[in-house]
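Each chain gets a letter, A, B, C and D, in the order it is written, and its residues are counted from 1.
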Amino acid sequence: MQRLTPEQMAERLAQDIPDGSYVNLGIGMPVMVANFVPEGRDVIYHSENGILGVGPTPAPGTEDPDLINAAKQYVTLIKGGCFFDTAESFAMMRGGHLDIAVLGGFQVSAAGDLANWATDNEKYPPAVGGAMDLSVGAKAVYVLMRHTTKDGQPKILDECSYPLTGAGVVRRIYTDLAVIEVTDAGLQVVELHDGNSFEDVQAATGTRLLPPAA
Amino acid sequence: MIDKRIASMREALTDVAPGSAVMIGGFGSSGIPFELIEALRQHGAGDLTIISNNAGVAEEGIAALLRDRLVRKVVCSYPRSQGSIWFERLFEEGAIELELIPQGTFAERMRAAGAGLGGFFTPTGYGTKMAEGKETREIDGRGYVLEHPLSADFALVRAHKGDRWGNLAYNTAGRNFNPVMAMAAEVTVAEVEHLVELGDLNPESVATPGVFVNRVVAQEGMN
Amino acid sequence: MQRLTPEQMAERLAQDIPDGSYVNLGIGMPVMVANFVPEGRDVIYHSENGILGVGPTPAPGTEDPDLINAAKQYVTLIKGGCFFDTAESFAMMRGGHLDIAVLGGFQVSAAGDLANWATDNEKYPPAVGGAMDLSVGAKAVYVLMRHTTKDGQPKILDECSYPLTGAGVVRRIYTDLAVIEVTDAGLQVVELHDGNSFEDVQAATGTRLLPPAA
Amino acid sequence: MIDKRIASMREALTDVAPGSAVMIGGFGSSGIPFELIEALRQHGAGDLTIISNNAGVAEEGIAALLRDRLVRKVVCSYPRSQGSIWFERLFEEGAIELELIPQGTFAERMRAAGAGLGGFFTPTGYGTKMAEGKETREIDGRGYVLEHPLSADFALVRAHKGDRWGNLAYNTAGRNFNPVMAMAAEVTVAEVEHLVELGDLNPESVATPGVFVNRVVAQEGMN
């Protein structure tokens, strides 16, 4: 099977971010999406710690120690950006003011449930951050994740076995194998990445998929 | 390219339908979007619900909407300032509905709408007429009233400076209700005294981030 | 009986505002208190429309049209003052951050209930403003009002007949006849203004008062 | 005369008793009151409940409090950043209690405490483990969880500039949790990079009005 690299996955998702969107990118693979937004589109990135208009990594030596993103990496502010406190930042998120949240995922269910904050390892501390607020608050939640775990187990399942981040919140799943939309009828494959057959992708999935329109 | 500028007050309000709920920022005569209110009056959509702290004085602002009988209901905390003749006249006639809300509850209900909350318990109004018909509860020995979010179809706000992304900064006490209303409405239209270039506002002094604003119009000096 | 003038009433109350207090003065007689705070005391006045550090009336011609107090009069900002929005202003009030609220009153009951926002005239629109938030939120609520109505009826009563602003919220009542503290034992007269006997003040009151300590 | 300045970090924390609940502002390494945390560590009161978004990395800040075993419980949204070795070690040992709260609920619970509200309904966490044991309710067809205010004995916050009345202004994204924590605690102590004269702060850019702050201490360069 053909698997996209993380860069290719981020690039594919970036194509679906419309001009003028307000977007929150989660920690991990999602933050890479910012590097691939097609030229000519104005996209404003939100960071949960109180930034609207997150810009690129600063040149070495020019870092502002207080100016970091949700992943605690140094960033800059673009022209037209602004700062606010956490309560207001989450008002934006929970209040439906952001167009798209791109989140990583441990598991996604057929009903669009998302699990991405805790596993079943009780010795390893859970960490939720802003994921639950984004999952209920953004107008659209896109999950960017590998189709299967490192040892080949499916991550798209009938039901999530890990604790949920949000129930029925996922709109689309962008994996290294396909793009899948969560619909009332079920998980609709909207795109198979080059060289992958529907049957192969179905075989790597823990729940029934609907084939793409012919 | 994000550009929320609209050429005129009139064009910024063409889609206000009769029966709309419209928030109007300001307190007394401070921070009031007078030009947008005048454009709303000229637009002429009636049967409006006006959500604003006061109900206008003399023939100005909201008072002119009342005089022209465009308003079915006023939602506010303090309808009768000195000179609120039109509100008082219509109220006495029974020609206008009033929903009176304690000012802090009023602001907080709009914030709740903007912040995606389903409601909150406030001690304000507990044990008074304001709590009648509402769910109440004792929490840690104190009485609270459950209040729900208050949203609207439009919010008309006034700022000192604004840019094409809708970032707003206010002058002194002109801020008042404008930021919470900008959060709470479906469509927020900002009247700005000065339209400035992107990057001219201090990012630490933007009191309303542009994500809450849909349309920005520079004052035309129409009043 | 000796009745204090409004200025004298405001001056009397001002003596009881400690140095360093954060104080909200209601519309009407209460705003006059600011003129009488004893020299050497730093008092910071809050205005519900989003001002901490309200200063005196501006010189004619220097008014800022946005800079008004709760009574919609032009004011100034003192050095060290600041501005905020209404939601934050009422967070201050309701959250117990202000030391004293001085409110006007239509009626006060023996239990410290306050009525000051509506009468029983249904043709006259009620107006509540910030009074209810202040009455539940300030650390101490002082009521500044005449002891009786214009036609001589008592305003301090067994029970308020007008709709309540807050139940059991009043700490002290400053009238033109006396200063009265609301205590668990009842309404305790703490001061009779010069020339007034306890019996005279009791006669002008619609509920039982406790005489001042001898 | 209102003067909230305290001469040293140490003196600002002398009344922190063992078992206190202490909010600590900041996000990651941004806006963290590192000098106050170090003074708290040296003060030595144990059995603390630390309320902060993260749990420190390496041997810095909150991690040093954990290492010295001064902390009984951590209340936060994201305890394990890369390098949170002390939190992970104590957690695995079972030597520390964790109350995990979604970040928006965390901020809003502190704001509710500061704003005098008794609780609020949030959609965050509905249908998840976070809602277990909590009151839930459907409002207009959507599920919500009832959350209660979160207060503390002390809040340690960090600002860029502060004056003797406790007015605070922040640098860029260093604001984060500092304003809501300043509202929510019994006693708020502010560590400021620059102590400025009264009137030097722009009254429109003060993000934490002095009424929320009890003590102001200039950084000593102790780290």
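Rule of thumb we're sticking to: a contact is a pair of C-beta atoms (placed from the backbone, for glycine too) under 8 Å apart; a residue touches a chain by one contact, two chains touch by 3 or more.
Please read these numbers as outputs of a predicted model, since none were measured by experiment.
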Mind listing the chains that sit against chain A and also against chain D?
B
By the touch criterion stated at the start, how many steps lie between chain B and chain D on the shortest route?
1
Which chain pair is joined by more contacting C-beta pairs, A-B or B-C?
B-C
Inter-chain centre distance, chain A versus chain C - centres from mean C-alpha coordinates, in Å:
54
Express in whole angstrom the distance between the two chain centres, defined as the mean CA positions of chain B and chain C.
28
Geometric centre distance via CA averages, chain D-chain C, whole Å:
35
Two or more other chains are touched by the chain C residues 77, 83-84, 90, 93-94, 136-137
Mind pulling the chain B residues that touch 2 or more other chains?
108, 111, 115-117, 122-123, 170-172, 175, 203-204, 207
I'd like to see which chains touch which, written out pair by pair.
A-B, A-D, B-C, B-D, C-D
Residues on chain D engaged by chain A in the complex (per definition of touch)
27-31, 53, 77-82, 87-88, 91-92, 98, 100-105, 107-108, 110-111, 122-130, 170-180, 207
Touching residues on chain D, where the partner in the complex is chain B:
108, 112, 115-123, 137, 139-140, 142, 144, 148, 169-172, 175, 202-205, 207
Residues of chain A touching chain D in their complex?
47-51, 64-68, 72, 77, 83-87, 89-90, 93-94, 118, 123-133, 136-137, 163-168
Chain C residues touching chain D in their complex are 19-20, 22, 42, 44, 46, 52-53, 77, 79-84, 88, 90-98, 136-137
Parts of chain B lying in touch with chain A, wherever the complex brings them together
1-2, 111, 113-117, 163, 165, 167, 183, 198-199, 201, 203-204, 206, 209-212
